[in-house]
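Take this structure, written in structure tokens, and hold onto it; I'll ask about it next.
As written, the chains take the letters A, B, C and D, and residue 1 is the first residue of each chain.
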């Protein structure tokens, strides 16, 4: 039984806590740390079978019984806590992004060298049944050489502007998942990126220095093209689709719904909206990613999403930001590592 | 150029007239006869390029230049006019049903013997792209031996009760198309039939001695089962679907729409309703069935839907009626020919 | 924490055991009994966290700590063990069917009177997201008065003939789920039933006195019609669909797949086959039905699927059998209770 | 009856000829001109009811009885013949593109000023039922303000390299339809364009100085974004899809097939490939565009696709070409008119 400490008891920390206690075999959450730990959270954690709570994550790092930590704290703390955890010999599952700053990710990477620590980054979509089916079809050669990869990723509603301000911008906060999907689905690396975007959802997002709608075009090393379109608001729910097109054909995935019921009446032929947002859509992926992490610890296997994946997605994001600012395509080689 | 006379200038007569003049190659409508011929109809016919109009269909039968007639008059006149036309040496395309009375259909059949006349019955669905795709899949062995055939056939709205009264009842008026589809799609014959039904759309239909909703189960000679469900009213439009299931798999067809546009918004994910009714849904089939009829005349080929098909569908309908009245399955061998 | 004893460690017993230990909150399996308990099963049970195993289910009934039992033994033992369990004051979750013999179900019903025991029957489909969506649409009046209910239910492959022989026949073994769905989806009761069927999958099934393919038509008390089609073999997997059609429109559900990936290539546009069989298709429903059972115990609520539901489905099955044997529609009132 | 002369008896000339003679009411083709007119073509034309043929299109322009011409000759002759026809007082339907050279299109535009001549450009997709449904939804405000427009347009197979060489390049030959669709579906104008592309289908296309696969991103005047992806080869047939996404939702269209039959078997659940290519896919649109042209002549209405539409699509194409060559986004204002 792998004993886990969770650092950060916000939304995603609780998601992982509940999914581990309910569904992840061979692992249990011993301790949860959060600087704002309060009675409500403690009560919720006890109810979910967590024995210990603390305001100081260092208690977790010092606990000899704890094998692994999940870093679910605010993004600016991901890198320093990662390094501390690695030094304490804990296996680390770190929520995405590792950091907005490439230099800090490189520090984590350096800390990992020779440490023997398993380090997994929380790109949950890699564990989703639909995206995995695209990856498998591409990998199995079902579409031949990849020509054009398209990803559509839209949130149902924008987060609060207060969050936007510290989010690192749409590319590092939202598109980062799609950048990772480009790498995962293609099995290739991005060479250059061109980003176009605008403020179409909420002018406050623009005032905060960010955009809310974007189309990002990429050239991959193989010469294939990729295009992502994002929006912070889709009235019909969380839109998560992808298409990989190649010399032999295409594989495409559409949205998942709570049921496939279709009502036909005088108004038309109507199905349900897609599942509302990431918690509904990717719950099974959250379980699976942590199960894989546990498996890589127990059976000493490489993690499925490592620090290099965490790094590359941020590098593409930084290049996209530069492209948007400078109104020109940017090569990844322009981004200093 | 085959010269055609159309007998009956009602809705279906006009459909055929317009489709022949616009789309059927190698044929033209010379004369249209209708006892209620009036100025409006004459004007409409002229506009569509028809030279002659008359109140007396016998003028058409006497016209040496006319090669073929389309019988689009009221059902009770189909059989006698068919016989007259056959005697006059005209090829005949007769709207369905040939008659409600089996004996009268047999008279037509007898008249045809040795006549050299081409006689086609207006089962338009045999010429529809979707139903044809099911037939081809079954015939090509794609599903192996047929096990269960299902047909769903619902009209958007019930006809006037005045029509219902002379319609011969739902089985001979509406289901007759589906009975023909059972024979066409299966390539098999019906052995017995069991009908259940009710008045669910309009009590006036019940007062007129008919039902408006039915489920009819059949056993085919091969042992396969078939089931049809009918309703005189579907709020979402004309519902025309079929599924053929067999030892190797299933082939299924769904409805056609004016466009495949899907709107996703806060209310759901909605496509269009199916095409409204038979004129919209089967317009191309109307063109194709007459083109085939012309082709069978020009190239002296057997018609694709002959008098035997016209007869068998009515026999099944009569058996279904008997089944409903007597509350038991009825063998087709019980129906006197 | 509700303590559960499972009686019967076959396939479905294990499914429930694993789902309770992994996913059902507030319940744990203390003991599993099976007359054929062996080392392998004991090992599997220990691994899943079950403390005690026994060959004698009476140990479970005698255990004061155990609140509830799941009866997953062979069908012929369901009724007698149910009665023993009720007398021992245990809440009972009994797999379907309660018995093939109506008289025995009535004995269970009698034993329940005044017992205070919760008794739930294992009709898992009532807890499926798709079927629930149909039920909700019908209940909410989305389709108005129900006119025609259609259920298609096909297994991927027939069970061994040895199983067929003790199964009670297709209607009590397989269609029984669909009979329950007719009652659940319609919110109505069956008045009469007409069954047609044949041996199309395996002649051995016929030799065992059963059929493998059937179409069953029913009239409900409201006058609405229902039709079920069954087959023991569908090459494309487990086919589980339903349509409810009414005065205002239709609600329809289709199959679920492991992913919604669609591959378009020179061969066509192809999606995955439906999920293979009931374990894959209804795993979440198995979790949900036991969770509901636990909830009805903990919060003293009526069970969602009671003995009356278990009885009625068997009554319809017996009537269907009689209909098939006698080749005529059978009223449920003909079946002696 | 409008009398038409067709200039150019190649593939598209024949398509228009046949569709006018068969389906377009109120118009007939009197004469067809082609410098390579031969016996086979003459025979085919006679069979389709065309009275006169000639090698010299000037005969058509000189024919007082002819009201309108369809220019279906090679692209380099479109502009000069257009001008001659305008001067001869003939209404003109000109196949796309009017010319590869903006200056020549402007000359046509100038010739039209005050001429009273109807001039329609052959952007057939504007008359397609699916694209029209998107336009109507956008126009009717169903998706609110447009945010992102996506068009996927792939041919089943690349044309011969000999054609590629004189085609003006992918943007002026193939994407030009999509550029027109961007303007049509959005009801907006393009402000800037960024093109990425590559040679992925056939190296010979690259040797001919063209690309065969492209992703083109555009910013519209309203600030909305548009993205087109093209490929000269899709193994599954002609891929013609679009999505318009906005503040209230999305409208999307998919491909049309010859039938909607779906075969489920041991291999999966498979539908047909999309209709093969433009002749199959857009046949009804070809009829409709010429019918509209005739209607604009008969009823003196403005044409639905005028010279300005012909011009703007080429301007976007020229900008896309420049963007690809220079590896940067290009403003339409950079293109000299």
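Just so we're on the same page, a residue touches a chain if its C-beta (ideal position, glycine included) is under 8 Å from a C-beta of that chain, and two chains touch if they have at least 3 such contacts.
These figures come from a predicted structure and were not determined experimentally.
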Pair exhibiting more inter-chain C-beta contacts, A-B or B-C: B-C
Chain located farthest away, centre of subunit D as origin (C-alpha): C
Whole-Å gap between the CA centroids of subunit A and subunit C: 40
Centre-to-centre distance between subunit C and subunit B (centres being mean Cα positions), rounded to whole Å: 42
Between subunit B and subunit A, distance of the C-alpha-averaged centres to the nearest whole Å: 58
Contacts with 2+ other chains: residues of subunit C: 234-236, 248-250, 264-266, 272
Interfacial residue positions of subunit D with respect to subunit A in the complex: 145, 147-148, 150, 152, 154, 194, 196-198, 200-201, 213-215, 217, 219, 223-225, 227, 229, 231, 233-236, 239, 245, 247-250, 327-329
Footprint of subunit A on subunit B - complex, ascending: 234-236, 264-274
Sites on subunit C touched by subunit A in the complex: 22-23, 25, 129-130, 132-134, 137, 142-143, 248-256, 258-266, 272
